[in-house]
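Multiple structures follow.
One chain, chain A, appears in both complexes that follow, with chain B as partner in the first and chain C in the second.
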Partner chain A sequence: MNRRHFLKMSSATAMAVAASTMDGLPGQAGLFRSAQAQEIKSFSTGSLGATEVTSVCEMCFWRCPIVVKVKEGKIIKIEGNPKSPVNGTRVCARGNSGVQLVYDPDRVKTPLKRVGARGEGKWAKISWDEAFGEIAHNMEKVKKKYGPHALAYFDHGASAEFMRGIFKAMGTENYTSEPAFFQCVGPAALAYLQTVGYVTTGTRQYNDMANSKAMLLVASHIGENVHVSHVREFIDGLQNGSKLVVVDPRYSAAANKADIYLPIRPGTDTALMLAWINYVIQNKLYDKEFVANKCDGFDALKKEVNGYSMEWAAKICDLKIEDMKAAIKELAKAAPNVNIHPGRHATWYGKGDTGRHQAYAILTALFGAVGVPGGIYFPTSVKTGKAECPEPEKTEVAETDISIKDETEYPFSSMFGTATRDLFHAMLTGKPYPVKLLGVNGVNIMQTLPNPYDTMKAINNLDFIFCEEMMAGETAIWSDIVLPDSVYLERYDGLYAYDGLTPYLTVRQPAIKPLHNVKSPYDIAKGLAKKLDIEGYSCKNEQEFLNEELKGAGLSLDALNKQGGLVTYKGNPYRDPKSLKLGTESGKVQLYVEAFDDEDLDAIPKFDPTPAPPKGFARLIYGRAPMHTFSRTMNNLWLNNEMPENKLWLNDKIAARLNIMDGEEIIMENQDGKRSNPIKVLVTPGIRPDSVFMYHGFGSKSKHLSRAYGRGAADGYMMTNVVADPFIGADSKRTNFVRIIKGDKTLNIPELAKVPSEIPRFKSKLA
Partner chain B sequence: MKQYAMVIDLDRCVGCHACAVACRAEWQVPVPYRRNWVNRLGPAQTSKGISFTFYPGLCNHCDEPACVPECPADPVEVTFTDQKTGATKTMEVAATWKDPFNGTVQVDRRRCLGCGACADACPYGARYVNPDVVNEDLDGEGIVDKCTFCMPRVEKGLPPACVQTCITDARIFGLIDDKDIAEYVKKGAKRLESKGVKIGPNVYYYGQPKDLELLDKTSTPQELLASSGRRRMFAQMVKPSMKQAKNIGLIGLAGTLLVKATETKSPGDE
Partner chain C sequence: MPTHPFFFLSESFSYPESDTITAKSEALVLLAKDIGFQVPAAKEMIPQSFIDFQSEYVRLFINAADGIFAPPYASIYVNNAGILHQQGYDDALSFYAKAGMAPTESEESPDHIAHELAFLGLLLDADNEDILASFLTRHLCVWYPSFLQRLQDAQPYLFYSVLGQVTDLYLTHLHKEVIHE
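Now for the complex of A and B:
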């Protein structure tokens, strides 16, 4: 109790209590004497006068150049590196909050060994030597018993790169199941690679929004999905007068800025795209010269899309035909300076995800928007050296009669690695061969993959699982050994070369010494290699190989630091359309992808509808919250404070029918009877009545994350129906449906938007 | 008088919350208190269509601040200096005041009793009392804190922390008659004012009409709290005889301030 609280009481009570305080009864005052002096001092000066270290952010994979401010050995603030051509002095909420990742009390502080059941989160603290010894022992044991391919690596982000070499040196083929590909951009990357000959949308996205005259976003919610340079280019485009068309079942932050918003029925985007492509061809809105000289397969395309009329699409997509026409005319008017944006996360419906992105690439080409301002552009690589010393000396995939990659049903997966679903299938069934040891690095294995129930089963089939982690999250509680990783602010890493519109070269470097008993990713790989007698990893430290690699750019760490930690280069993003030569076999855009046809897949996308929600259910869709990254930042003191839990967006008309109030807490039940954590409802007209929406990454099941545990609900735990993309085996995540449990009542979602007969309905036993 | 002001362009804002966090980092504002916030609004129906927008808020450094007259701390005579012209002005101020040269509303943290009267009076909720720090010699109960428009940074030629980090350059800071700001005001930037609350806030919001409508509907205060004499009286009652600070150079405020103790009647005594 303090005086402020007394003053909030009724006057009579307050009078009495205030009087008693004057009599000298103890209050809170006086308890924080030393804090006062310190605090007043810091309030006076803010971050002024701090020591500055330039570095690279890793609060997400976009990796903005930063300046870290240190006072009295403590990181107090992070700003953008003013020398950076992409973000300047700016960092997003997450970039600002890196401070609290370092000082998070729930960090993994020392190597841990599981003592309870997997998933229980009971550990004993062990030494690094013991941790490396346990992992090495189990890797060797599994390799001896089942062969090298029984070892697998599942990873994401900067922490993961050095350890990949260990798995390569052990001889396994299973070190390339990156969820960043098979759970995210995979279908888009394949579609663009086959159509325009390069991956326009991988880690980087070569979309010139700032110089566009019109942009199309299909469910891409730039602004809620925050990558600083990307968001800046988007906003610059809008401020320069670019017209924005947003297609999304949800009214996103981007939709709010749209000139034309199309609240499409989920799962019908390809129908809209094909009708638009047909309209563009029929009305001769395409770039005749570009199509004639730089595209193969136009006649086949014209014939294939001929049946997709605007009238048909309006019915399928539940859109107004005038709006659809206005949108495509607006985009056509801007050609060739038009940005048909691929979005980012592409694994929605399994079937049709690659085709949908192929359609974006086709529309891009029809508008001649390849290598021109406002369209897709070409990366400019920055020349650096290559150091051998941060890797094992020898790596060779062991020979095998049966390869997961060859046995796969997904003909294009092996171009990129082992499909996640093939790897987990092997863990679950032992086919085509058993996978018995998993190393996880930088991935929340329960929330990155759909169907965590299967993931748990797969993990329980393993002989051994270990992870490298900063936080004691869901991956850690399922691991046998947890290796604590230093935070990006405590370490060096690889070299960062940006190949976008304004190329630059920069480097991550530590602002402080690592806290606790943690090691850098390089030292972890090096330590484990030593235990396994793997030769290599011969650099003394990270500086040694960084200097080696910088030498190739005519630099050194010292020289780079003298130039503000970052050097810029001239970009070469555009091409003269006349001399344009693409990376496809013919050097032209492939409107018809023969390689797909060779595998009995559609060479030109077709509309193959994903099933509509069962009666009484709504489709679950999800997206990114701007102040959170995946499920990684929910425990961060500052970010948690900005958004501690997610909400379920429920259409206002549905909410009125079900008598659900804004802010009310409910539970979701999916089509297979799986139930969610309690979650509060956001009643809004900004979501279609046949869908619900939530931000991804909340509802952690790790009790060790004191702020994030049980706050909000996790979308992944509602995903038990998973459909494979037939091209690469990517896993669908928008093929699940929920209804609402309020108190002891099960509430069916009434159907307000009629489903046309062309779209089949998902069959649920519960419907 | 010069007046610092800020424009927040909601057409540029994507609601990323970088501003709120950068402010927290810069001034070490403890969770859950705030000098600077982003409230997420909607998506909700307006008379002009659906809006999904944001209320990035901070102290408005009002023309007639509701908070300043509420401060029960013993007034002291302070000489303010205009950094540019060197002009001075001497005024009697309590522990919070409006600067006569740059229009910012500031707090003397070392004379704050933490009674919270100013925080309660602010219709925008822009002040908080941090109970974890106190002025012991004043038998304080906490210390009030709020946005200073980052005057310590501005004096060094730096933008406010929230402006510097804004990823889309949606925050424009300067003097009210600076070209950038004046242009926004001319083309319709709005203040969060109502019939009941017309105290001249100096933060302006620009955006699509639907967004400004939702912002206004959800975030404009409709009435000022009736001046709480009782509150000030209590603060006076519980306040011990203040050890009056003499000639303290206030750090981090615009200009060099000289604080001179006075024996004037405190505002609660009328």
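Now for the complex of A and C:
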């Protein structure tokens, strides 16, 4: 070593070095301890010889059972759990890429505190104790100053439940405002709940596509929105000879498999449905026995839909009458084994959304497709125990003179929580009372909500905002404190009891120890509860409450693991129509929903047209990409490689008129003059000339997601015209229009599909 | 008194918990001078506030403002893996095990630059020539230049730019000597 003169520091340097450290330099030596010297053979590649841990995927909310292959403490591969009756050994591209999520260098690695402006993303690292302390201090301060309801929670996904208890225990009525409901499935859920007495579509969908003889899909993204078992059931149905009718302004993956494809004018689906319902009634194509014995309100329905003729609908919907007739006959022929698919994402046009789904439910009932193979079926619940310990001991919503839920204009919103628009209105205006603190969990607040410009204003009105996040995305940038969540492969969660055709029970469990300085959602809630002196959360760890809950099913974690991590049960999805009793008040299908009438809303859907694009604009529609989940996965190395950016689908005839080539980069300008990031054009005949389409979730404005930043455009930033669904206040997403900026030229979109006079036009200052 | 600079460099690449930036900058200037390298004066390296200095560390090495610019982990660079816990991580663990050492429980991944520099310090203290040579040749000096490039591309505060360069110089010098021995 003596020869290494250069390593010999001068005494001045040595002194300066020694003085620069608080702990004394050998402190760094503490990063290691001595161990038995050993030669580690290079790790064999591949998953042969790996340990297998059964768990549940969370790359999307479908939650397929999985097997995680682990070698030397590292995740090597993810496959479907062969014991799973829904996905078997399969996972989708996203399910595979969970490996990338765990090891992504852009994960939030430690609690962070904002030290710059909101939205700037300038952070310092803090300890968990400091993070909990800051959040608890601010929750108490806001509660003291404005009352408990000034605290609000905005959440999505499996990890959000535990923290919800904290907000409940603080006494706020705003303990949930799930975007999954108010920004997505809400109108569909309400329509089915009121019509057939249960929610046929939500996180789970009780649709027996595999055993159907015909299927109707309206603007479905199935095949692009990949949920493994869902797609399998769809394909099984097709393989079994089921006839497929697809209604969509875009030639989607499902349309590609259709026997009859109806490229409908956007915003007119209810007109088609009502004309079909009328046609079915007039031509006596309905199930007379089922309607007579199991439906209320048939006469009122018959009267109400009487005026909706096929000729009228053909003009409104811009469809060929013979195709419309052929389609409804095909569906009727298959009854009762016909699947009128309820869809999931329902927040399209605001005012017609609940009615449109009511119409699907009505058509389902007219065909007697309730509780029969191929129709909508009934969930079979799996019996488990209930553990009290992962929750606070006491929760009580505080008394209040004014309640957001009472003041709301949307009579059915409070059945499901606080409507997002009511919550953000309170943040923006202080009415009916100020909301000053927001906890966000598992939601990209800028991309999930339309009109992010208002969202930014609302956030800037808050006294405090914190989030629980895995990735340093847009929510993190806007938060005062960021709490790093463990990835689903590093933690336990609740039990997963599947209540579909073949029910099963499984559990998420960690395949590896958490990386970095992250915590599980349960430990985060427990830690914060302690700071807030909230009693409860008494289980030592997740295993304790899981064992308690499994006891109710005659199982334990060990016993479950011995059985491959999953046990199946016998399903009871179908009913004898004679003994069918639904969850509605009368036990029958409500073709006429009195509860809607009581609130001066349409008891039977009517067609109330949504405005057509202003001259020079096309309607912006959007959908899901098979290799991405919402806006969550764009930074994932593998998935980014598969689809790094989105493109704007533009009709080929329009493109020719505007002289736009495939792959050319343009900017969109919406009806209010808001402009998008640059986006490439996909020139295709597969989209109507009055519409443009893009995949959702791209164009992140978070610079912290190194691969996703600025790639493609975000649809949300084009959504400044938002219409509320009058039933629950859900926010419309298909009521915005764009034209094209190419270079320095603004290009108006020529109108190739004539708009009938019955449909008003949206008024834009720019048109 | 410290006898070689690697524990210092390791600590400087760790999150600055306490405000020792002035002393660290001065030490860094002297270290550079010891091997005949001119760097800006220490006072130019001192940021406006300590919180700025901490947030700069977060930006560069934890969750950075233009995407994580310089993730300080071997795994990212070896084979261009781009994610954690790949070949570079396995290699680091193999070297530690061979030298009879194991990383202690830490929130940082053991292939973090701070770990690898501390390991180098321990090898020097233990006169463990064989492992030192292969660790530098086959591992640290393979990925460090790519890391340094990304660090400099991030236009970091002067302190981190100088730290990156001084570390590079010490590694290069040591590597050359090891090869020639």
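Just so we're on the same page, the second predicted complex is superposed on the first by the 722 of 767 C-alpha atoms of A that agree within 3 Å, B and C clash if a C-alpha of one lies under 4 Å from a C-alpha of the other, contacts with A are read in each partner's own complex, and residues count from 1 in each chain.
To be clear about the criterion, contacts are C-beta pairs under 8 Å (C-beta built on N, C-alpha and C of every residue); 3 or more make two chains touch, one makes a residue touch a chain.
Bear in mind the structure is a predicted one, so any value in this text is a computation, not a measurement.
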First (chain B), second (chain C), both or neither touched by A:Leu637: both
Touching partner for A:Ile76 - first (chain B), second (chain C), both, neither: first
Touching partner for A:Met170 - first (chain B), second (chain C), both, neither: neither
Contacts of A:Val589 with chain B and chain C, given as first, second, both or neither: neither
Which superposed partner A:Ala472 touches (first chain B, second chain C, both, neither): second
Contacts of A:Asp106 with chain B and chain C, given as first, second, both or neither: second
Touching partner for A:Val115 - first (chain B), second (chain C), both, neither: second
First (chain B), second (chain C), both or neither touched by A:Leu217: neither
Set intersection of chain A contacts, chain C complex versus chain B complex: 3-4, 6-7, 11, 14-15, 18, 21-22, 27-30, 32-33, 35-36, 39-40, 42-43, 637
Residue numbers on chain B that touch chain A, as the complex places them: 11-12, 14-18, 20-22, 24-28, 31-32, 38, 42-45, 50-53, 109-110, 114-116, 129, 131-136, 139-142, 145, 150, 152-153, 156, 158, 161, 164-169, 208, 211, 230-231, 234-235, 237-238, 251-252
Of chain C, residues touching chain A in the complex: 1-5, 7-8, 10-11, 14-15, 18, 20, 23-24, 26-27, 30-31, 33-35, 51-52, 54-55, 57-59, 62-69, 71, 73, 75-76, 82-86, 90, 93-94, 96-104, 106-109, 114-115, 117-119, 121-122, 124-125, 127, 170, 173-174, 177, 181
Chain A residues within the chain C interface of the complex: 1, 3-4, 6-22, 25-40, 42-43, 72, 74, 100, 102-106, 108-110, 112, 115-116, 121-125, 472, 476, 515-517, 637, 703-707, 709
Residue ranges of chain A in contact with chain B within the complex: 2-4, 6-7, 11, 14-15, 18, 21-22, 27-30, 32-33, 35-36, 39-40, 42-48, 76-80, 87, 89-93, 95-97, 99, 222-224, 226, 228, 231-232, 235, 238-239, 251-253, 255-257, 626-627, 637-639, 641-643, 652, 684-687
